[in-house]
Amino acid sequence: MRIGLLTSGGDCPGLNAVIRSAVLHGIKSYGDEFVGIRDGWRGLIEGDHIELSRQDVRGLARQGGTILGTSRTHPYNHPQGGPENIRERMRRDDLDAVIAIGGEGTLAGAKRLADDGVPVVGVPKTIDNDLKATDYTFGFDTAVSIATDAMDRLRTTGESHSRCMVAEVMGRHVGWIALHSGMAAGAHAILIPEQRVSIDQVCEWVQQVHARGRAALVVVAEGYVPEGSEEAVADKGQEADGRPRLGGIGNWLTDQIEQHTGIETRNTTLGHIQRGGNPTGFDRVLATRFGIKALDLVHEQAWGHMAALRGTEIEKVNLTEALDGLKEVPASRYEEAKILFGR
Amino acid sequence: MRIGLLTSGGDCPGLNAVIRSAVLHGIKSYGDEFVGIRDGWRGLIEGDHIELSRQDVRGLARQGGTILGTSRTHPYNHPQGGPENIRERMRRDDLDAVIAIGGEGTLAGAKRLADDGVPVVGVPKTIDNDLKATDYTFGFDTAVSIATDAMDRLRTTGESHSRCMVAEVMGRHVGWIALHSGMAAGAHAILIPEQRVSIDQVCEWVQQVHARGRAALVVVAEGYVPEGSEEAVADKGQEADGRPRLGGIGNWLTDQIEQHTGIETRNTTLGHIQRGGNPTGFDRVLATRFGIKALDLVHEQAWGHMAALRGTEIEKVNLTEALDGLKEVPASRYEEAKILFGR
Amino acid sequence: MRIGLLTSGGDCPGLNAVIRSAVLHGIKSYGDEFVGIRDGWRGLIEGDHIELSRQDVRGLARQGGTILGTSRTHPYNHPQGGPENIRERMRRDDLDAVIAIGGEGTLAGAKRLADDGVPVVGVPKTIDNDLKATDYTFGFDTAVSIATDAMDRLRTTGESHSRCMVAEVMGRHVGWIALHSGMAAGAHAILIPEQRVSIDQVCEWVQQVHARGRAALVVVAEGYVPEGSEEAVADKGQEADGRPRLGGIGNWLTDQIEQHTGIETRNTTLGHIQRGGNPTGFDRVLATRFGIKALDLVHEQAWGHMAALRGTEIEKVNLTEALDGLKEVPASRYEEAKILFGR
Amino acid sequence: MRIGLLTSGGDCPGLNAVIRSAVLHGIKSYGDEFVGIRDGWRGLIEGDHIELSRQDVRGLARQGGTILGTSRTHPYNHPQGGPENIRERMRRDDLDAVIAIGGEGTLAGAKRLADDGVPVVGVPKTIDNDLKATDYTFGFDTAVSIATDAMDRLRTTGESHSRCMVAEVMGRHVGWIALHSGMAAGAHAILIPEQRVSIDQVCEWVQQVHARGRAALVVVAEGYVPEGSEEAVADKGQEADGRPRLGGIGNWLTDQIEQHTGIETRNTTLGHIQRGGNPTGFDRVLATRFGIKALDLVHEQAWGHMAALRGTEIEKVNLTEALDGLKEVPASRYEEAKILFGR
C-alpha cells in the first residue's frame, strides 16, 4: 500500500516517533510505501507531500515536534476540501490510506471523512490528556516531566526568599498536567478548570504553609476560574484574537495572593516549553506502539478507528468513542490530591 | 493510630515519596503518629526506629533512595523474628500497624505475617516491573528514563566510530527495562531473559544495520541467556558469593558480536545508576498515590493487602494475587518490539 | 575561630555549595566553629542565627537556593545597622569574622564594613555574570544551561508550526545569559542591553530565516532597549512598585515581530526557573572552590577581599576591584555572536 | 576558499558545533565552500568527502558525536599518506585548506603536516582536558556533567544500603574528570593518575565516613595506580589487544575496599556514556567559538596554529605550544580537593 501520514493541531513530543515506527513497520512487514503530508489536512487537500524512506525517519524516536509540519486546517472548511475532493486527490496522488495524528479536532475530522468513505485511521495526540478512550497519550508525560522539573527549581527560590511561588501550566479545559506535575512537585495547592475553588481557600492553604515557616508552591492550569471571581478573571484570559493569553491567570492569581495574604508572591508561566523538545522514554514507547498499531489498523482497513492505550495494552477503538466528550479530572482524583494541600 | 513504615530490599526511586504521602495523609486526615523503622524488617524486629514528623518528610517526594535505610533481613529468619516476637515487639513499641514497602520477597514476608496475625499492609516496589497485580510500580519509569538517556548518548558514539554499541541494563529474571528503554532509544536488538534468541540471530540484526552504513545498538538485560550458549554464559554471570556479576553478559555478548561479525563493538554496563537519584514525575505521582492508598488500607484494617495500579486507578489487591509468579514480558510484546529490530 | 556565613540578594544555584565547603574546610583544617546567619545582613544585625555543624551541611553541594535564607537588607540602612552596632553585635554573639556571599550590592556593603573595621570577606555571586574581577561566578552556568535546554524545546515547536519563537531571559543590565544561551541554542538573533539594535534589524534577521523555510529563534535579555523605540518600551518594563515586569520586553518584541513581518510569533518568558534548582557540575566546582578560598581569606585576615576566578585559578582580589563598574558584554563578543545571526 | 573539515580520534560532544560554526561563518563572511572529510585523515588521504552546505549543518550545535565520522589513521603512516601525497591529493580535490579537529595525536600530525607545507589549522579536542595551551576544550564539561549526574544517583543508593560506592570515570593519563565530577558530587575520595595514594589511605577515608554513619563515594580515574600495588593493578588494566579495560581499576579497587574495611562496596564504570550525547551549553559555546576562530585562522593562513581558550578569550596559539606535554592536575588542585576527603 501507499500510505500518507499527517500531523495536525498543536505540536507534541512523540509525533515523530509515531511516524518513524509506522514507516519502519510498513516497509519491513508489508512492503508499504509512505508519503509525509505537509502541514496536516492542508497538505492532503493540496497534494503537498514528500516521499518518506527508511532513511528519512532514522533517529526520529527521540526528536520533538513533527518533521511534517502541522496546521489547524479543517478538512471540510478548506475551499478544495470535503470528502469527494479528498478522495479524488488521493486517487491522483496514488494514496491508499491516511494515518491522521492529532487531537480532538483532527480525530473528529478523520471520523467524518471515514464515514464519508475516505480510508483514514487515527492516532490520538493530546498533551492535555483530555481524550476519552485512551488512558494516556504521548506528550502528556513529557509535559508533566518538564513542568515538574521547573517546579523543583521554583521551590528552591521560594524557600530562599520565603516567597509564595505560582506556576501556570497548560490546561485550558482540563487540569491533568497541573494535577500530576503539582503532585510530583509537592505543591501546596493545585487549581484546575474542573474545580471552582475560591481565592479565599487558596489563600488559606498558602497561609497554612507560611505559618509553619515554609514557602508555598501553587500550581494553576490556564483554564482555572476561581469561584466568585468569574468576571474578574474573564478579561485576563484572552488575546484580542481570541487565543488564550499565557500568564493571564497566573499573574492574576499572584496579585490576589499577594494582596490577600501580604506574602511576597511570584508567577512563572511555563508556556511553550511544555510541548517542545525530546519526549520522555515513556512517551517514546507509547508513540512507537501507537505507530505500529495504526499501521496494522490500515492493513485491517479499520477506517474510522484509532489506536488507544488501555492499562498496558494498545487497542483498537472506534473514533466515536474517543470523541464522546472531554476526559476531565474526576472529583475523586482531586480529593486525593487535596489531601496534600496546605498541610 | 501509631503506624510504622519500613522499606526492604533493593532501593528504588519513589520510596521516599511513599513515606511522605502516607505520613502527611495520616497526620492530616486521621491524626496518626508515625515511626520510621530502620533497615527493613531488622528494625521492626530489633525495635530500631525513629519518630517521623511532618517536618521529617518535607521535600521527600523528589528524593531518591530511602531515608529509612533498607536491608534484606527476612522476618522469619532473624533470631528474634517470627510473628509472636514481632507482635510482642510491636506491642512494646506501641505500634498499631506496619506499612511494608518492598518487592516480591518483602511482600511474601508481609503476607505470611498478616496471615499470622500481624497488622501489616504492603506497597509494591520493583524497579524490574516484575510484580503481577499492578500494571507498574514506581522506580521502573525512572530506570527506563535513565537507561534511555544513556543509550541516546551511546548512539552518537556508535555512529561517529561506526561501532556496534552494547548496553547492559537491569533485569535478572524479566526484560521490561530492556524492552522499554530499548524501544525508546531505537535499539536494533533487545535481548531479554524470557526469549532465547541465538547469537547468530543477534549478529544478523547487527549486520543488517551495518550493511546500511549505520551503527547498531544492542540492549541486553542482565539475565539474558542466548539459545545454544547456556554453558558459555553460565560462568560469566556470577560473583563467587552468588550475586550476579554486573557486565557479565554485556561483555560476553560484546566479544561474541565482535568475533562473529568483525565489527568493532563496545559494552556499557549501566549498573547502579539505574536505581538511584530523583524519581521521574511519573514515579513520584505513582508513589504518592500508593502512600495515600496504603494509609487508607491501614485504617480499613485490610491486613495482607497492598496498593496496586490498574489502568489509571489505585486499587486494593490481596497480596496473594501479587505473589502469584513473576510478571514476564509476554511474547506479544516481544514480537511487537521485534518489528523494529535489524531493519 | 567562630565564623558567620550569610547570603544576601537574589538566590542563586551554588550558594549552598559555598556554605558547605567553607564549613567543612574550617572544621577539618582549622577547628573553626560556624554559625549560619539568617536572611543576609538582617540576621547579622539582629543576631538571628543558628549553629552550623558538619551534619547540617551534608549533601548541600547539589542543592539549589540557600539554606540560610536571603534578604535585600542593607547593613547601613537598617535601624540597628552600621559598623559600630555590627561590631558590638558580633562581639556579643562571639563572631570573629563574617563571610558575605552576594552580588554587587552585598559586596559594596561588605567593602564599606571592612573599611569601617568589621572583619568580613566576600564571595561573589551573580547569575548575570556582571561582576568585574572574576571571570565567572557560580549560578551563571546553571542559568545558561536551563535557558539552553528551554530553547532546544522551543525550537521544535517553532519548526513544527513555522513560527518565530522569542525567549526572554534574565539580564537587566548585561546580556551574558542571552549571549551564551542564545549561542548554545543556535539563536538567529540575540538582543542585549549593551547593544541598541533596531526592530527593523531584528525583523530582517527573522525574515532571512523564514525565507529559507526555517523558523527563527530570537533571544532577548530583560534589559534590551531597541534603538528608536525607547519610549514605547519604557512603560512595558516595570511593575507599579518599580521592579521589572517579567515578560515585558519579550511580549512587546513578539508583537513587533508579528506586526512587521506577518510571521506568527510567540513569546516565552523563562523567569524564575533560571535561578532555581540544582547547580551544574561546573557551578558546584566553582562554588566549592570559592568556599574553600573564602575560609582561607578569613584566616589570612584579608578583610575587604573576596575569592575570584581568573582563568582556572581561584585568586584573592580586593573588593574595590570587583566593584569597579558592571562587566558588560564587550562589542567584540557581540560581533562574534552576530556572525551566526539571520543566516 | 574551499576548505576541508575533519574530525579525528575519539568522539566528543561539541565536534558538530565546531563544524557548524566554521561552515556558517565561512559561507556568510567569506563566501567559502566546504567539504566534510570522512573518518579523519583517512578521508583526506583517500579523497573521501562530501560537500557541506548551510543546510547540512543546521541543528548541529546541540548534536553529539561527529557527522563526519572519525578514525585513528595517522597521516604519515597511511600507505598513500605523507605531505607530498596529501598536498597532491588536496590539489586534485581542489582543497585550499584543512581544519583538523582532534586531540594530541591529531594535532601532532597537523603540526608536522603544516611544517611540511600542508595548509592546515587545528582545533583542540579532548574530553580528558589534557592539552596544554588551552584552559578547557569542549567535551570536558559535558563529561563532568554526565559523571556528576551519575554520582548523584549512586549516592542515594549508597546511603540507602550503607554501602561504599565506587565510580570509575575516564582519565587514563590525567585526573581532571575525576577531580571535577568528584568535587561536584561531594566525593569522599578522588583517585587520579597523578597522585600515588595508597589503598590504606583510601580505606581510611572510607572508614571515617562510615564511622559517622554515612556512606562513602569514591571516584577513581581509569589510570589511577595505587602506591604499593603497581603490579597487582597492572594486569587488571588492559585488554589482550592493549586497549584499557573499562572497569579494571574500579572493580579491583572495590574488592580491595571491601576486603580491607569489611564495608559492602559496589563499582560502577561509567564508560562510554561520558563521551556521547548532547553537549552542555558551556561546551556548545566553546565549540562554536572555536569553529569561528579556526575559520579566521584559515583566512589568516596561520598554518600550524590552533584556537585556544585563555580565561574568557579565544586566542591563536602555535601547535608546538599545545603539544608540549600533558596538562596534568597540579598538586595544588589535588590538595584543595583533598580538604573535603574523608571528613
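Labels A, B, C and D are assigned to the chains in the order they are written; within every chain, residues are numbered from 1.
Convention: a residue touches a chain if its C-beta (ideal position, glycine included) is under 8 Å from a C-beta of that chain, and two chains touch if they have at least 3 such contacts.
A quick note: this is a predicted structure, and the numbers were derived from the prediction, not measured.
The most distant chain from subunit D is A, comparing centres defined as mean Cα coordinates.
Note on chain placement: the centre of subunit A and the centre of subunit C lie 34 Å apart, centres being C-alpha means. We define each chain's centre as the mean of its Cα atoms; on that basis subunit C and subunit D are separated by 29 Å. Computed from the mean C-alpha positions, the centre of subunit A lies at a distance of 40 Å from the centre of subunit D. Counting partner chains per residue, subunit D shows two or more touched chains at residues 149, 152.
A list of each chain pair in contact follows: A-B, A-C, B-D, C-D.
Here subunit D touches subunit B in the complex through residues 7, 10-11, 13, 15, 63-66, 69-71, 146, 149-150, 152-157, 159-162, 165, 246-247, 266-273, 275-277, going by the rule given at the top. Taken in their complex, subunit C has these residues touching subunit D: 20-21, 24-25, 28-29, 54, 58-59, 61-62, 135-136, 141, 144-145, 147-149, 152, 180-181, 183-186, 214, 280-282, 284-285, 288-289, 292, 310-312, 336, 339-340, 343.
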